[in-house]
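Quick heads-up: structures coming right below.
Shared chain: chain A. Partners: chain B in the first complex, chain C in the second.
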Partner chain A sequence: MDAHPAPANLVQALRLRLPSWLPAALAVAVGYYLAARLGFALTLKPHPISTLWPPNALLAAALLLAQTRSWWWLLLAALPAHLLAELQSGVPTAMVLGWYVSNCGEALIGAAIVRAFVQGPLRLDSLRNAAIFLLGTALAAPLVSSFVDAALVHLIGWGDAAYWELVRARFFSNVLAELTIVPLIVTWAAVATSTPHETRPARYAESAALFTGLLLVCVLVFDLPHREAHASPAVYYAPLPFLLWAAALGPAASASALALMTIATIWGAVHGLGPFAGRTPQDTAREMQLFLTAATVPMLLLSVALAERSRVEREAREQRRQLTHLSRVAMLGELSGGIAHQLNQPLTAILSNAQAAQHYLANKNADPALLSEILADIVAADKRAGDVIEGLRALFKRGEAHFETLDPNRLVREVLALAQGDLATRGIEVSMRLQPNLPEVRADRVQLEQVLLNLVVNAAEAMRACPPKDRLLIVQSTATAGRIHVNVIDRGSGFKVSPEQLFEAFYTTKPQGLGLGLSISKSIVTAHGGRLRATTRRGGGAAFLVTLPALPKQ
Partner chain B sequence: MGMQQGCVTVVDDDALVLRSLGRLLESRGFAVQTFSSPQEFLERGERAVRGCILMDLSMPGLNGLELQQALAEAKDSRPVVFISGRGSVPSSVEAMKAGAMDFLTKPLDEEKLIGAVQAALAKDRVAQEKRAQHASITGRLATLTLRERQVLGRVVEGKLNKQIAAELGTAEKTIKVHRARMMRKMQVDSLAELVRAWTLTQPQQI
Partner chain C sequence: MPYIAIVDDEEPVRKALKRLLSASGLEAESYASGKDFLEASALRRPDCLVLDLHMPGMSGLQVLQELRAAHTALPTVVITAYDEPQTREQCLAAGASAYLRKPLDERLLLNAISANVKRSPKENHR
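Moving on, here comes the complex of A and B:
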């Protein structure tokens, strides 16, 4: 067996020896060639310089996503693709090699500037990153390379264009390419490597509608013959609603929409269609480049700003959720003694019942009726222990908020059942004064249970020093027009600070308290559209009133 | 086993636990009474019943310490065995300070429970015997005349008839007659027996 490794192992062994940059290098070679073909397709004849020259930008995007140590391999991988694409077009070999150098230079400068400020692969998920990309990759790199490029053209003596004319044409072409191609690749790479969020069908439908609409508008505006010599400026704004829509959907959608519009515009002009046709190639190219650059930069920034804001909000929400869970677990920790007691009760009943049955059976004086009573009690006790664990499981879980229709009275009963062990060991009597047939509420069960449990535990703690006959916890539920109220009342020491201070985070009177319970409870109730208020009672003790909007009765 | 052992009174506010403990003790041959709350026990429980009390330490309304106090006020001297769901040191210390016989944690070990209950019942039996003796001696003391009681007091102090006669200002022969009648009424045959019976009536000895 060992002498003949299985083919699968062999493949695996071979794959392990392959350098990690190889797949990326192959992708760059293929991509570079295709991008060059696209560039030729978008070239205004007989102008030797494309309106949009994508290979450089593709190379820059590859470097921005790759690790710095594999950069040289990726640049090298572009050489055969470059030679293959350029030599077909009848350009002198010296010029082809010169362009290879200036293309690599542009990609390297653009990627190096970004890498100096942003660690790891570039992600267009913050305004800072977007600004660094715009200044470094889309502005500085094309600026430097277009001078080099124009100088090379002059040195080799290919074509008869003026030097400054060459610099300007080359610069705008490269800027537009960087602006169009790099965000497209970088954002889709981020989408592909991100943990898959559940994408709702509605989202796909929305994207389909957006891109169909945008394509229609672009074809109508940019790819049909224009009768007038100069189109009305209004037509240039026709794609704007779709671009804004795309920006709202995220940087990847925005970059895709901008690329679609750019290609549609240039394709139209190349075929003598649309508002940019009918001028000299130089003018057409410049007008288009200015128009497309002016549209792309703000839209890209807008989409990144929106994405950043929603990401920050999502992170804040996640943090709040974790804090809520943490305080819930801390509270359950406080309750653990009581919960152990609560589990001990049914366990005691099960054990003692079973042992009694064993003795009756051993003494041969087992009355079948008694035995069946014993078994019924064992079943009941077991169910009760199961209920305790079931109630705990939900509270320990850390899940997304899940809103459902709930009966407030049932919620109160469940919470008091959970706290019952703790209340019993503290010698606290509970008086439930629940108004029957309360309207229901729409709420997250776990979060509301957390609020009520927190109030009950606080009340119990406040009555620690009370004489036993005063250890009474009252939980009241009532309804008024459109609202339900749950009042948790104790006869404890009350509170000596203002109610505002009471709800502040990290205010606590308990030696091991986190001081988060009331502050989190308040934010939960507020998030449910309700209010949480605290009052001290004249006879001593405190009352905490939870008010929630009620669902209309059916 | 059975009634002559005394009755085990179980108090627990958890109906399932209460029933299961009652059944377990009954299956082991004990007579059992059950109460579902300390209040019910204080209001309806008979104080004259002999035996022991097995109760949960933490029940709403009254805790172990308070129930102990209430029982003392009601002149109920039955030994108490506490059971608790949480075997924390502070609560057990508190219970033992309150005069508990024993402190068991749930879920209960059957043999420990039976052992504790038997020990409590035995303690109650001894106390009951002592009380019965005390009652009978007190009854006998009540039949003595003033003079006989004066003689008894001096006899147990170890005084001779001659000394007692001198102290009480009568003849030694008269003292002898009082003394013989007193010994008969107290149903004792020797000075040693008399001293023991008399000591039992002294409050600090109970």
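Moving on, here comes the complex of A and C:
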């Protein structure tokens, strides 16, 4: 009997009844009201038009982030907020409703144009999206709605401003609002919904320094009593370094910095402070709007361009990493026969030793000294098998590069141990000529093992057609001033193409080869500050020389 | 007591096989390479040879070919830790009497040896 539903189920059932757009609609209602209050606060009295009217832009941002089917709910949610904000200011009801229509119209046009070209919620992560936003939401929508708005004002007979003056004032106010508010909301929404990845404390400190500096400069330039002596146009450039800094930090930081400067500038002018004060309200508003628009558009585009480039680079890096891993796994696949050999050898020793011991015990002629010797051999063979697995584990793993101090000779020995099974099944003899006491290198162990293993496997493959007595692999290590060299030499057939072609991606002589091994090996060595060169040897065979910068000897 | 020779380049394997055969009541001697074995077999011929396939220098297959070239009909059990599809046929064609994969099943190994040890005297008398 389950008469009492669990409380968690009840909560879930209640939650399921709530439409998904409801939280967004509530946020729009509250946001719209606050945005209207901010708009009033940024109005230069007695001029009736705000320098920056944020509610329309907030509505546009909400639509740009929402699914198209919930747009009507969001527009409807703005109505009570609109009425509440506007009716307090003593405007006739017909005018208030008219403005609601033109505000909604602006948001709808701006969002619809963007939605026609960009699928899903708008993200300012490419220049294409930024351009569509600028032309659609920040230019076309305010343009159309300003005409409608001014016409409504005239029809209803509110105020005595000239039609074109109204259009112009509304247009610039709305453009600046779209440019300031929409990127702010859209970029922060993207930050909030992106997969959280570790933000370093240094990044927070940098942002704090940037915004403190910007605020300080904006207050000094825009929010202090204005004196003619300080009227040099140069002061307008004072925030520029901070805006550039913000652009480098990303679109969200850039949009925030621009919003901060915009609010500081208008706030100063509204309070009779800063370089824009002291003219007629219309002139002050227009000058500020032009100045702020001219600053915002290029900064926003710059931040998006920088973010797009770094994203493309990040994606390319990730692809390279995957490709490196893929080629490593493919190489290990080629080695699988050798690995089977390498594991079967110790397994054979373990099994045969154990069975020998069973025989001795069964025949009651077990010599304890012999038994303990057998057990010691079993332990040693088992450890050897474990080492094979351990050596493979790191190579199969996919991970970020991890640089450490490494002994090149040890690396060579480890790689040859890994390839030992493959070399044995191919009947290849190995000659290690390692210079003792080589200086160490700073490198990623897995990547460097991949390079050496690739060279060893290639050398082994090149000697497939050699008579068995000639199957000799030489691995040499040497040091010269500031560098170490590892030379992998085979007695195979050499190569028939130019060394450049050899390192090209997708060049391969193996029927099942990907043709990526050498190309990836070369890029790994280059990334380590070294060089990978190939030469054909007189009398047959090839030599591949890895040169790496050596660490200074301790 | 039948005398068995073991050829494997890996010391731990060699040692373990020698122990196993000795514990099973056979006389066994081990060699690290085909060359070492061929030299020693001139002095004392084993009743059966347990021969590893993959060895540097001279492979098990080459040892079989050398034996055949010298008209030495030596019963040989080839053992290997890794093989390709056609390896078994190659070895049997080259004169191997049995072909076993490592790790070795003790019973299969001893059966293969005893079958050859019993059969070889008859073959020699034919």
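The rule is short, and it goes like this: the second predicted complex is superposed on the first by the 551 of 554 C-alpha atoms of A that agree within 3 Å, B and C clash if a C-alpha of one lies under 4 Å from a C-alpha of the other, contacts with A are read in each partner's own complex, and residues count from 1 in each chain.
Basically, contacts are C-beta pairs under 8 Å (C-beta built on N, C-alpha and C of every residue); 3 or more make two chains touch, one makes a residue touch a chain.
Computed from a prediction, not measured in an experiment: that's the story for all the values here.
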{"item": "Three-chain arrangement built on chain A, chain B and chain C clash or fit", "value": "clash"}
{"item": "Contacts of A:Leu351 with chain B and chain C, given as first, second, both or neither", "value": "both"}
{"item": "Contacts of A:His359 with chain B and chain C, given as first, second, both or neither", "value": "both"}
{"item": "Chain B versus chain C as contact partner of A:Gly250, first or second or both or neither", "value": "neither"}
{"item": "Which superposed partner A:Ala340 touches (first chain B, second chain C, both, neither)", "value": "both"}
{"item": "Which superposed partner A:Gly110 touches (first chain B, second chain C, both, neither)", "value": "neither"}
{"item": "Which superposed partner A:Pro54 touches (first chain B, second chain C, both, neither)", "value": "neither"}
{"item": "Chain C-contacting residues of chain A that also contact chain B", "value": "337, 340-342, 344-353, 355-357, 359-360, 363, 374, 377, 380-381, 384, 421, 423-430, 468-469, 471"}
{"item": "Complex interface listing, chain A residues touching chain C", "value": "337-338, 340-342, 344-353, 355-357, 359-360, 363, 374, 377, 380-381, 384, 421, 423-430, 468-469, 471"}
{"item": "Interface residues, chain A side, partner chain B - complex", "value": "337, 340-342, 344-353, 355-357, 359-360, 363, 370, 374, 377, 380-381, 384, 421, 423-430, 468-469, 471"}
{"item": "Residues on chain C engaged by chain A in the complex (per definition of touch)", "value": "9-10, 12-13, 15-17, 19-20, 22-24, 54-59, 62, 79, 81-82, 84, 101-104, 106"}
{"item": "Chain B residues touching chain A - in the complex, by the definition given at the top", "value": "13-14, 16-17, 19-21, 23-24, 26-28, 58-63, 66, 85-86, 88, 106-108, 110"}
